[in-house]
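Below are the structure tokens for one structure; questions will follow.
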Amino acid sequence: MSLNQLGIVKRTIVRADAAAVGRLSRLGVATIHEAMGRVGLMKPYMRPVYPGAYVCGTAVTVLLHPGDNWMLHVVVEQLREGDVIVAACSADSDDGFFGELLATSFRARGGLGLVIDGGVRDVKELTAMKFPVFSRAINAKGTVKSTLGSVNIPVVCAGALVTPGDVIVADDDGVVVVPAAVAAQAAEASEAREANEVEKRTKLAAGELGLDMYKMREALEKAGLKYVD
Amino acid sequence: MSLNQLGIVKRTIVRADAAAVGRLSRLGVATIHEAMGRVGLMKPYMRPVYPGAYVCGTAVTVLLHPGDNWMLHVVVEQLREGDVIVAACSADSDDGFFGELLATSFRARGGLGLVIDGGVRDVKELTAMKFPVFSRAINAKGTVKSTLGSVNIPVVCAGALVTPGDVIVADDDGVVVVPAAVAAQAAEASEAREANEVEKRTKLAAGELGLDMYKMREALEKAGLKYVD
Amino acid sequence: MSLNQLGIVKRTIVRADAAAVGRLSRLGVATIHEAMGRVGLMKPYMRPVYPGAYVCGTAVTVLLHPGDNWMLHVVVEQLREGDVIVAACSADSDDGFFGELLATSFRARGGLGLVIDGGVRDVKELTAMKFPVFSRAINAKGTVKSTLGSVNIPVVCAGALVTPGDVIVADDDGVVVVPAAVAAQAAEASEAREANEVEKRTKLAAGELGLDMYKMREALEKAGLKYVD
Amino acid sequence: MSLNQLGIVKRTIVRADAAAVGRLSRLGVATIHEAMGRVGLMKPYMRPVYPGAYVCGTAVTVLLHPGDNWMLHVVVEQLREGDVIVAACSADSDDGFFGELLATSFRARGGLGLVIDGGVRDVKELTAMKFPVFSRAINAKGTVKSTLGSVNIPVVCAGALVTPGDVIVADDDGVVVVPAAVAAQAAEASEAREANEVEKRTKLAAGELGLDMYKMREALEKAGLKYVD
Amino acid sequence: MSLNQLGIVKRTIVRADAAAVGRLSRLGVATIHEAMGRVGLMKPYMRPVYPGAYVCGTAVTVLLHPGDNWMLHVVVEQLREGDVIVAACSADSDDGFFGELLATSFRARGGLGLVIDGGVRDVKELTAMKFPVFSRAINAKGTVKSTLGSVNIPVVCAGALVTPGDVIVADDDGVVVVPAAVAAQAAEASEAREANEVEKRTKLAAGELGLDMYKMREALEKAGLKYVD
Amino acid sequence: MSLNQLGIVKRTIVRADAAAVGRLSRLGVATIHEAMGRVGLMKPYMRPVYPGAYVCGTAVTVLLHPGDNWMLHVVVEQLREGDVIVAACSADSDDGFFGELLATSFRARGGLGLVIDGGVRDVKELTAMKFPVFSRAINAKGTVKSTLGSVNIPVVCAGALVTPGDVIVADDDGVVVVPAAVAAQAAEASEAREANEVEKRTKLAAGELGLDMYKMREALEKAGLKYVD
């Protein structure tokens, strides 16, 4: 292991199984996060650039420096059909690292969307293109191209560890990372969870109480809950 | 008075007069807040989950703990037609305490909407259901069900004191609390204020200056305002 | 120069050249900001009240105090057709300084929009009116009218210096200030930049890499970038 | 009950029992907060102006408006020996409402310290005077004296409800509010808690594990904790 | 006027009158800010690196970019005895732009201290050296040296406009900017204000009320203040 | 690899080489961070509980949930002489997870200090004990003991990935993580960097310019820097 992990582009990564990605792409972030035991979620400051944005694909990672988007140009060449770019930054930065031209380039090379712990711009154009972007900020401020970062190393993005090839799912509720090795398990657990919710929804809509449906009354009483008038 | 106010569900509360609630439901938050002398407003970080969300009803309160939504299941049983659930938390938390299943349950039991000093999830579904939610965050992060809070005790929610039965009005501008005892007075003062605005709007649209309409010139001069070229 | 710059209304200001304003009004904030050498941008916390809001015009400035909107009534009289009101505050404040009545008055007097380092209210009405407002907060909280500020003095608004008569351009990406003296230069540089992007967009959409188009490979290699498998 | 609660100075308040205040003054905020069932704590953004600041006394409350400290002059007259001034604000404000001259006046009239959901200044002088102040900000920014608030009405300060006469205890860990009616109970429960900690401390210092001391092993195993190598 | 203000080092600046600087150096930030009519203050997030830090001198300005401290090396050559370095940044950044080595260099060249809208490091060493630094953050994160900014252009630092040569005064309460042209006036007004406070302090310490000393009772009554029991 | 990583205590971890830890313990965080190529730093919101706090040791990690410190009792049993506890949380939380009793227990079992992405309390006692704690908040708010986390799994703490056994160094400037595998390399690079600074310091103190010492003039000129009068 070398001391310095910067200035590296890893060309070969192992992407999560395509079938598992396909199954996860029919599910929501909250469901997957629950099914995984409530881990892998990015911080809630990550928000979609337009309402209804959704993306599910395999992570190609990039580590940026504040105010410098050079590596976003480097990462494009490493994209394959179905990838989601995950951009971390070596320090908190709201600069506008990304806009319409890069989105055009990402899409032309198979990129499905972007998750970036930084700012983006060209909101109007990104919305018109329906290119899903999840970011910490919106900012017209541009960046320079002068310092090396890395591509396809493990990164911490918005508080979550992302290893290249992991599955990224993002919707209006946030962004979740599914490690490639458990993608099929996560899909299965999520599908089970979702199937289970259909019945619950029907009962609750009919006025049944969660107190009864989940059999909580005994536990609440044991914990000391008191009803008073 | 007992030292410990946790672990209590109060079943009987005095709701604000229904006629007053009805009158307030035709008014906006800014107008009501002004008419009340500029008190009772929650902090501006409370935002609607979708644009145009609106709710007006009587408060049923619940005190939660960070990362624990157990009491949201308890509160459902205490709802009556026309209630708004007001959820406070014993410490700042952006966790996702609430989602589509609970919204389904709240609505089935008469709940009109939710005001929560915490996070929520299932934004897409809540928007489709048109279930109005006002929250401090959107977050896929789930919660546990293990610690007792209380239902229908006075709570401080987003900086405002809410007593069960108070009227809650929430729109795109924020959330205001109208104490039950002054609901009719507040409705009357708000209606008067709104009626008064019609005439002002016409004059201002015609180009009349507020300086003249509100007779401010003398006061400004007395305060020392100087016009220079 | 006098010690105290408060309590002054300057009636005569030199507005940027109308032709330059017209040219800038066909351009986006990110483009103009880039063309100016990446200066003049307000902080990214300034957001439009509704998606798609856009304004371009000449700045009429006003300095407010926290919780006091008296000077917004004073500034109306100084508006000319094509002006944008830029409101700074002597300390950070999220109070709701501005709403629908003032918007009606501003528009009747030629005001095109508002940029305010403070809060605003009546979001629903402003959206219906299509009156573009860019602010740091949305807040139903009202203000008093008791302390003098100034009109048409240079102000620092959301981190940017604004001199009366400067061009203000604001869209979904943020707010940029173009000094009146360089408005034509900025328009020219922005137009050139935009023209240049058309060709780039076509190439990128066809799959050409920025690495090649911008000839970055040599510089990256020189900086020490290493490709590994 | 009147609609408008502003512009009122209540001269007569019921202060907590002096003996209870005396007992609480020998205890720390964390201990009291725990003993009360974990309620009554202000938000953690409230910090002492100098390390080691400590105050315990009966609350005299004041409601201010952003940028306006008029009512801090009004409240002085209502102080009695042993009071702590609790200042809330009708909206978030970091303005410097308070400094050395007011501290001199508060102390001359029996005031022991200040808890303010706003900013203060003259940090050097307050430190030299050893006048304990707990605030949300430090700020040289001055305020005006033009809008009425109220004195000795219930206020929400930094997220906690404070009724005039309640006991306020503040130290390096934060600020806790003890309702006057339960002051003796809270003192007793706190003393018991503290006594109990002496023995625990000795055992833990000798290397005994909390796992054993608190008999947690069984509960952990039941919850599913697994030890692996 | 040129479009691009970056990449410029202005060698000749007009520093404020030395006698005025000397007079201001015996005064506190809050006093000066008040005497100037409550303008010129930086945002309250600017804090001293160690308690009791104080500096008063003439501003030499520098505009940095996020994550890049190249220009701090350029500015050293422009220092004269008695200067204070004021560093602004083209976008919010908490990176550690400055540490002990630069402090050593600044001091060797006559620099009295640093005011920076960014982060600094080597807190222990700066404290030992008693080199006064006021910053928005403390951060070990280092910076690169690759992008041009400018030296001795007007900058907006922490919300305040600073023109090279202005007087900068900073203490535990914050940082205030006194324009060079009004330095003597500001000193005089501040001294008068301070002299006036001696008498007030004595009266207040003796228990006289501000209500009487400032003759506020009539104004309060007129505003509608009501005393109740 | 299992889907659920919660509820696990790993007893066997590989700690960084003791000699390397010893060498790192004579160095500062900024130096180490620089020597490692500017990676591994936690977010700057992590601050020492008292000025001058310092710790260097091997990481024993723990993953907590908001408002729940159960696992801090579990982790004690896994400590060895020279360990630093690193506590991450599954969501942002400022609750007071840790205080004097746990510090006593940690120390009795060989723990040197605590780094926690959460709040702590008993600041006065921790300071008196000289037990170094680095945290995101200070908060009297207590926690429950009801939900399983894990011990000695890799965690993301304040934005940095920490693997059990890594070296943690923390001082007034922040917290840096040195992967166990590169601890000796990092120590060597840091020592070289520090040795190099002695000579620089002497030259700078004598008035030599960094511009000359680092030979920056040519690069600045090439980048286009212009000196004007």
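As written, the chains take the letters A, B, C, D, E and F, and residue 1 is the first residue of each chain.
As a working rule, a residue touches a chain if its C-beta (ideal position, glycine included) is under 8 Å from a C-beta of that chain, and two chains touch if they have at least 3 such contacts.
Owing to the predicted nature of the structure, the values given are computational and were not obtained by experimental measurement.
Annotation of subunit B and subunit D: jointly contacted by C, F, touch as defined at the top.
Mean C-alpha position of subunit E lies 32 Å from that of subunit F. If each chain is reduced to the centroid of its CA atoms, subunit B and subunit F end up 42 Å from each other.
Contact with two or more other chains is made by residues 38, 41, 90-92, 94, 139, 141, 147 of subunit F. Chain-to-chain contact here is organised irregularly, matching neither a line nor a ring nor a star, and falling short of all pairs touching.
For subunit B in complex with subunit F, the touching residues are 65-68, 90-95, 139, 141, 144, 146-147.
Per the touch definition, subunit C reaches subunit E in the complex via residues 1-6, 35-39, 41, 43, 90-92, 154, 156, 159-161, 179, 181-182, 185-186, 189. Residues 28-30, 33-34, 38, 41, 44, 47, 51-52, 171-174, 176, 197, 200-201, 204-207, 209-211, 214, 216, 220, 223-229 of subunit D touch subunit F in their complex.
Note for the complex: subunit C touches subunit B at residues 7-12, 50, 70, 73-74, 76-77, 94, 96, 99-102, 104-105, 107-109, 119, 121-124, 127, 137-142, 145, 147-148.
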